[in-house]
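Two complexes are shown next, each including chain A; its partner changes from chain B in the first to chain C in the second.
Coming up: the complex of A and B.
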């Protein structure tokens, strides 16, 4: 079994700080592997341990943080890693990423399973899995919270609003996972030190013959909560005060 | 000069932080309140490789460094500011280092993998009731008969008494005892692996008791009596009558790790303080932070903690040169002053932060609803003693500055 895992470098939202104006300090926020991508890596490594699979990880970008998340994937147990070197990776369109993944699959594949996080922490588009599926022409199961391999087929569970769906598909298959699928292992010092010695292969975007489509992010603003400072004196007419409050709440405050 | 942590160190810190967020932070108050680190957590910490970090892989260790051990102690203490789990961690890293350095090959392979896995505890037993600082004056004796040492005496204020009894394999201590004529002073002390419970069985001649402590309650402290306790000679550590010197080496490393742990707790206290003074408003809605009496103090406390941190990691760096890299440029004694400096500064910087934090909290801090007291009491333990009292640190430093002939202790 051969498994390709895709990981994205995203901001660590838990460490995001803001100016007093409400603007996020994007330049200093630490970057990390996306949470659901980390779950995808964990799922790939579990399949490797169970079925002796060969696991490959790919990320797109050209910073030292990209190298770090590949090493993080190695420290979790991934066997082989690629960085697709692109400047301005933050603004890549999902459709371009789909093209890049298609090229990588052609160069390094075939794969029985392509697994990635269902959505990234920053853009939340949830479209990448289906886009890759359409580019490569294989089935996709999106938003999976349980994945098994039974009698030569992948069996995936998705919990939706109207019920729980169980899907079964033969390889090759694309699966996007939610953070409910597993609790990713934490690399130990031994695996961290071992991952440092592993080779990272680099691919230039120019060699993939992919047309780069980008969207520019113009501005990011924090939600700002402003107090209305409306006070009713409830000492004389409590019911009226409650009525006023109720009207205000209904009006959408 | 380079003040950056290496990439390995940064990634290791992140992994420890993630472990702490998942498994220690949600339980630290319970650990302090109930007065015990659950055995399942100790096991999990062992599986994560948080014990025997600087020990070679051939003995079950992680193949890391003393700096990495300090990082682990600091991060764990940030997430358990009572410092109990950090102290458990640093003991099971620092003292096994002496076993690896001076122990016999088969004993290393017997003891270290079990400590590494979190199945056994390994700590330090040197203090006696007459006073922990006077190591040369210990009264516990070890007398050799054929190939066996017979130990008699008592040790007190010893960590890990209950943990040894509760862990599946047990564990023991780096213990020092008198082995020759009393007039030889510190040149009359030999070090042993005192394994009091092994393969799940408590050995004859070890009579433990556990104390009720006011802080850092997760890790037990107690005392034990040794009555004709037998130790095979192979469990002796290093050469006979050189135990004092090995002990001083162990204390140097332990002081760095204790300093790192108190810094972790201090960072937590400082974060609580910053959050509180920014959000607490009084006198017509002014945040506490807008009063210079508060903000200036906060700056001073931060400066003290940063200074202690620099001293600590500089000492850890030097310890790595000596013990991990074995760089001949430095000798063991070169670590005396840097280790004493960080142990002198870090616990005091942290307890000062707690004192101010609790004053800024006001009456709330004097209730058990506010957890600041747990960190305060836990770190205060290291301004009292443990790995050497604070004034012993001052003696070590003064001896170097002024000369041994002026500083008699």
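Coming up: the complex of A and C.
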């Protein structure tokens, strides 16, 4: 079995700070491997351990942080890693990222399973797995929170708005996972040291025959919706606070 | 301009009609449900209906793709739900066009360009993006006011449905009372609740108010107290009243409730971030407040 995983370097949104104007301070916010990508890596490594799969990881961008997240994936147990070097990695159109993955698959594939995070931490679009599916013409199961491999078939469970779906499909398949799918391992000192010595292969975007399309972002501001913001303190007057709330609810506002 | 949408609810079709008005376009729709056809025909210029089959994104995509080949839309709209985003990705990948999710505002600039506002960073920020047409947008439900405009649209039934690539089984969610997405009042519990049994208060409160109830993700995904939750990775709601109890108000939760008309919160921490986003907030202990509130509501009944 051959498995491809993708990892995205994302803004750690829990550490986002703002200027007084409401502009987010993008230069100082730390970046890390997306949470659901980490789960995708974990899932790939578990399949490797069970079925002796060969696992490959790819990231897109050319900062030192990109190298770090490839090594993070190595420390968790991934065998082989690629960095696609491209400037302005944060503003690539999703279809461009899809083209890049397609061309990596053509160069290094075929794969039985392509596994990635369902939604990235910063945009949470949920679209990349499906985009890749259309581009390379294999099916996708998106938003998987439990994955098994039984008798040559992947079985995936997805909890959606209206209920729980179980899908079964033979490889090749694309699967996007949520953070419920597993609890990613914490690398040991030994695997971390080993990961530092492993080779990372670098590919230049110019050599991938991909048309680069960027998102034209005009601005990004802190999102605030004007609310009434009337606050009652129940520690001062519990009865009054409850009464206010009661009246509000029965009035239907 | 031609607009194609995928939809499962009449409410969403009316919101899409508002968008059609903004960009001045004809509205075509693909719907997986015969029951909606007569209602849909009053909203859409043309409705393509297929018989509801088990949702499987690759199969659904093939159906939408076929319709799009006929219509050649400039703009395609999906609801920004998990299903909608998945279908939008398949669709945009197939058409090789930009796809933008979590869209809350659209402005038509000049020929062939849109200015779109979308939420990013778990809903903490809003980005303004210029996008060329054709493109695919996933619309945050509730961000656009439904438009009541009666048309007399055509309906066409799509007969052949391609064989499913993937075997599917489905267990429908057991709704107790009103489904979340349709409730006028939603009460939600967060980690301020100490044990599962205490959720009984939330259940009773929601039932007294004729609403629905749910929880934040940790209560469902980490503690296993319920199957579903509200948030970016769960249900997205836009009720008249959203009452958040013992919930801190983290962006990944709030993104899914921001389109509620009125937001009320009960939290014992005066510095909880949710108080920045409420219409009415009560600083206090839910264990003191809820029993008495429920008592009052019971008496009124």
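By our rule, the second predicted complex is superposed on the first by the 223 of 253 C-alpha atoms of A that agree within 3 Å, B and C clash if a C-alpha of one lies under 4 Å from a C-alpha of the other, contacts with A are read in each partner's own complex, and residues count from 1 in each chain.
Keep in mind that, in the parts below, contacts are C-beta pairs under 8 Å (C-beta built on N, C-alpha and C of every residue); 3 or more make two chains touch, one makes a residue touch a chain.
As the structure is a computational prediction, the values presented were derived from the model and not from experiment.
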Open item on the list: If we overlay the two complexes on their shared chain A, which of chain B and chain C does A:72 touch? Say first, second, both or neither.
Closed with: first
Open item on the list: Going by the contact rule set out at the top, does A:189 touch chain B (first), chain C (second), both, or neither?
Closed with: first
Open item on the list: According to the stated criteria, A:107 is in contact with first (chain B), second (chain C), both, or neither; which is it?
Closed with: neither
- [ ] Please determine whether it is chain B or chain C that touches the greater number of chain A residues.
- [x] C
Task: Contacts of A:131 with chain B and chain C, given as first, second, both or neither - done: second
Open item on the list: Is A:25 touching anything from chain B or chain C once the two structures are fitted on A? First, second, both or neither.
Closed with: neither
Task: Residues of chain A that touch chain C when the two form their complex - done: 11, 13, 16, 24, 93-95, 98, 119, 121-135, 139-143, 159-169, 178-180, 213, 215-223, 225, 227-235, 238, 241-246, 248-250, 252-253
Task: Residues on chain B engaged by chain A in the complex (per definition of touch) - done: 7-8, 11-12, 15, 18-19, 22, 48-49, 53, 57, 62-64, 68
Open item on the list: Residue numbers of chain C touching chain A in their complex, please.
Closed with: 54-58, 61, 81-83, 85-94, 96-99, 101-102, 115, 119-131, 138, 165-173, 181, 185, 209, 221, 227-228, 232-233, 235, 240-241, 243, 251, 258, 261-264, 266, 270, 275-285, 288-289, 292-293, 296-297, 300
Open item on the list: For a test of understanding, state which residues of chain A touch chain B in their complex under the given definition.
Closed with: 68, 71-72, 75, 183, 186-190, 192-193, 196
